[in-house]
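The structure is given below, and queries will be raised subsequently.
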């Protein structure tokens, strides 16, 4: 049918049309504030972060240690058996060198988000965080990294209690 | 194609004004575990597809369906979300099973309304952004407009609406999971402050947190799994105009049309004769009366009188909202219809405890999506 | 009783544009109106409506499904909106399929709409809110991160180069030059253009990415007995599949889309397809980023793991090749109004299989095609197989 | 139902927001409807001859048959109060000092949602005729707020 149709609907505007008042428009902003209940799993995760510990949880049935910790194993649908404190070291599973912030501001020095497989968790089980103290061009998948924590007094029970992960010096 | 579909398991958790002990995932898991135990199924092995109902802005997360599979046993399975009421979810599972491709499907809905700090503003963001939102009005005004026109056209009185509150909150006293049970009189209700006149604050259901999961199965599986399958005789859903400017302000057209569809499937010509018990939307008290008329249980203008006369009380002609309805159990956002259907399932199984109604064989559940929507669904169940 | 057969009998779409003047309702209406006209049907014939639109954040309306209902032709009709993130565009025809296959309806209209430009100033910023509110959002993530990290993992695992991947963008954008609704069609684009474009989030560069867009698409589905009355050339939905992986995206292997494989296997089973590489003649994999098309071709079992680039380098994927990939121009070329982009692929297969795709027509009278979409936190696969 | 015990130092909630900011175009019908409202102080509808419906505010399509509408009609500036309410709460749920009188004013087969003014609550009735009170043309921006309120005729 596209062969038979000459004209498709859809009127394209450019930013100038808005600036010049050629078309009518308005703005609005959602005042959407939330206080999400943290529950047992994530509540404990946040409390551990405040103490400088990355917490996982262990499913005996699936023989898995996962992070962030949850109370339910999504694979066998049984309750998780125990919390497991993990190390604050790990391996870079993957990463990016990002030159754009979340609200699309261009930046000169890239942010380096990564998935870090945490030592003590099952293989391919990691968390997303940032890498720092590293030359962006030196970052490699498979690189070993360690968490750089905020000082105890500044920790709030948040994923941001870890400032970033930095490479572990090879001995 | 499979013709017959039954509800074979139900589970819930809640319902309370706050649930700080668990995250939404943990709360849903509780309801899910109960439902799967009730149905005697293992979700990882037996459940072939999953339907969840949710709205992004109620969760505070965009693309919320990302977070739905894990706590219902749906990881790496055919899961999808309907941005509708729980009864839309049940209708969806009903269709999935009828295709013949799935034998067992689970439906989940929940509310963490207590986690939304700015719920009125979130609700207002559903208004038309150009025509209505610039007026910056709390969305209860829509219910106020609707109630006023409904009273005007049908001759229903404010007392009639208050009688719904008295009945439903009293019924809730007999429902162990209902948080808002109370023994009130008409004066207690009418003396509350106004929200949007003629709508009073006590005629508006408080929100609650909670989760409900139901397991549906094809005929073969249902009869294998349980001695008490609750059959779906009909499911209907519909909506009037989305625009406030084009809709019928007095009548619940969406309920009328949804019921027509469900009755046609169920072969019901005279609903009052056929249906033994009903759970209908009462998130605002007048909605129950409006719904009873739209569902064809009585003529226009009669629902209020029947309520005052006790015709819709638990031991009378047509027990309505024996569970306490939303006024008694709380407004559960997308899970409202599931709460209505949950009660019908318990009643049809004979498991409703002290509030068990005698001789019930066919029940109806009905829901509405809340302001500013004009959409809802109807489900007809039988034992 | 056997399964009810369901056909696509009509399709319509708007142009995909960067900023549309139309409201979301009006975009939906334009596509729906055109779909009706395409098969000479009226609203009286439509028994139910299914709608797909991705997050409410874009259109900027809470309960967006309710808001869009009149534009989608759902006035006083049974109507639901289904939702699997980016996978929605190929899910909503599945929703239409089960409406009809259930026996409850004979004719259903399926509409997908997205107006990303309503999120202002930057549509991309809306994606912050798809991450876990407690464990991830405080890091201020953006959508590019997860794509870039998945792409990096894919490249590293299989030793795939940027140039291998850029071939995808070249082919799709060139294909789109023949699509009257395309936003970024370019017949003359070269590999060098892609590889030299601005780095956004290495390894993702500007031209690896599909454009933020506004648009809508609609198709009309009918049960067998009705479809045959409406048209001599119904295009049957032979198989459907969908799977949603865990939300814990940092706990799985990003190199391979297992959920796409599962969705594809479900659809192949239903369609009775044993050897997809021989039996699928046209494929429209989801391509919001160029590497994703490769990733998905592998998940769909249409290429060995890590070998999808060969389909592009040996010409198999070209419009005149053995298995044309994205003859429409895909999201990279036509544009990516999320849900609408997925349904655009269904419309493309409809036109291709009927021999009505004009300048984009794949030669040799293709008999069967597959459309696929993907979404959420890299976790959902939706697949539809269509055949003459 | 969990086997795990919550860390007693767990924070109960995590606070956050949905940072959603939008810009809405008025669309094909809205453009003409609001330009006319702004420039000429007139209220326009569109008529669907097939369904015999007059949509107010004007729509570019008929929601019933999906036909394109191009029969624009001036519906005047006075309409009937179809229903009304006295809204007692703010957008954020807090009580309003003085109730707002909100009405749905019928025009054609549609109408407008707006405030009523120059009237006290006890004077409002369903069926009464009200008339749009426009802002001075210099203050109009092309918005539903170009009408200040509706007052009794």
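Here the chain labels run A, B, C and D in written order, and each chain numbers its own residues starting at 1.
Quick note on the criterion: a contact is a pair of C-beta atoms (placed from the backbone, for glycine too) under 8 Å apart; a residue touches a chain by one contact, two chains touch by 3 or more.
This structure is a prediction, so every number in the text was calculated from the model and none was measured.
Counting C-beta pairs in contact across A-B and across B-D shows that the higher total falls to B-D. Taking the mean of C-alpha positions as each chain's centre, the chain lying farthest from the centre of chain A is D. Taking the mean of the C-alpha atoms as each chain's centre, chain A and chain B sit 36 Å apart. Chain A and chain C have Cα centroids lying 26 Å from one another. Centre-to-centre separation of chain A and chain D, using mean CA positions: 41 Å.
The set of chain C residues touching two or more other chains comprises 19-23, 25, 57, 60, 62, 70, 75, 120-121, 125-129, 133-134, 246, 248. Contact with two or more other chains is made by residues 20-21, 26, 29, 57, 60-62, 69-70, 75, 115, 118, 121-122, 125, 129-130, 134, 241, 243, 246 of chain B.
Touching two or more other chains at once are residues 1-2, 6, 12-14, 16-28, 30-31, 34, 63, 92, 143 of chain D.
Here chain A touches chain D in the complex through residues 11, 13, 18, 23-44, 46-48, 50, 57, 69, 71-72, 79-83, 157, going by the rule given at the top. Here chain B touches chain A in the complex through residues 19-27, 29, 36, 42-44, 57, 60, 69-71, 73, 75, 112, 114-118, 121-122, 125, 129-130, 133-134, going by the rule given at the top.
Interface of chain D with chain A (complex): residues 1-26, 28, 30-31, 34-35, 92, 142-143.
Listed in rising order, the residues of chain C touching chain A in the complex are 11, 13-22, 27, 30-31, 34, 38, 60, 62, 120-122, 124-125, 127-128, 133-136, 138-142, 144-145, 148-150, 152-153, 156, 179-181, 199-204, 214-215, 246, 248, 250-254, 351, 354, 356-361.
Chain A contributes residues 1-5, 8-15, 23, 27-28, 30, 34, 36, 38, 42, 45-46, 66-68, 70, 74, 93-104, 110, 113-115, 124-130, 141, 158-160 to its touches with chain C in the complex.
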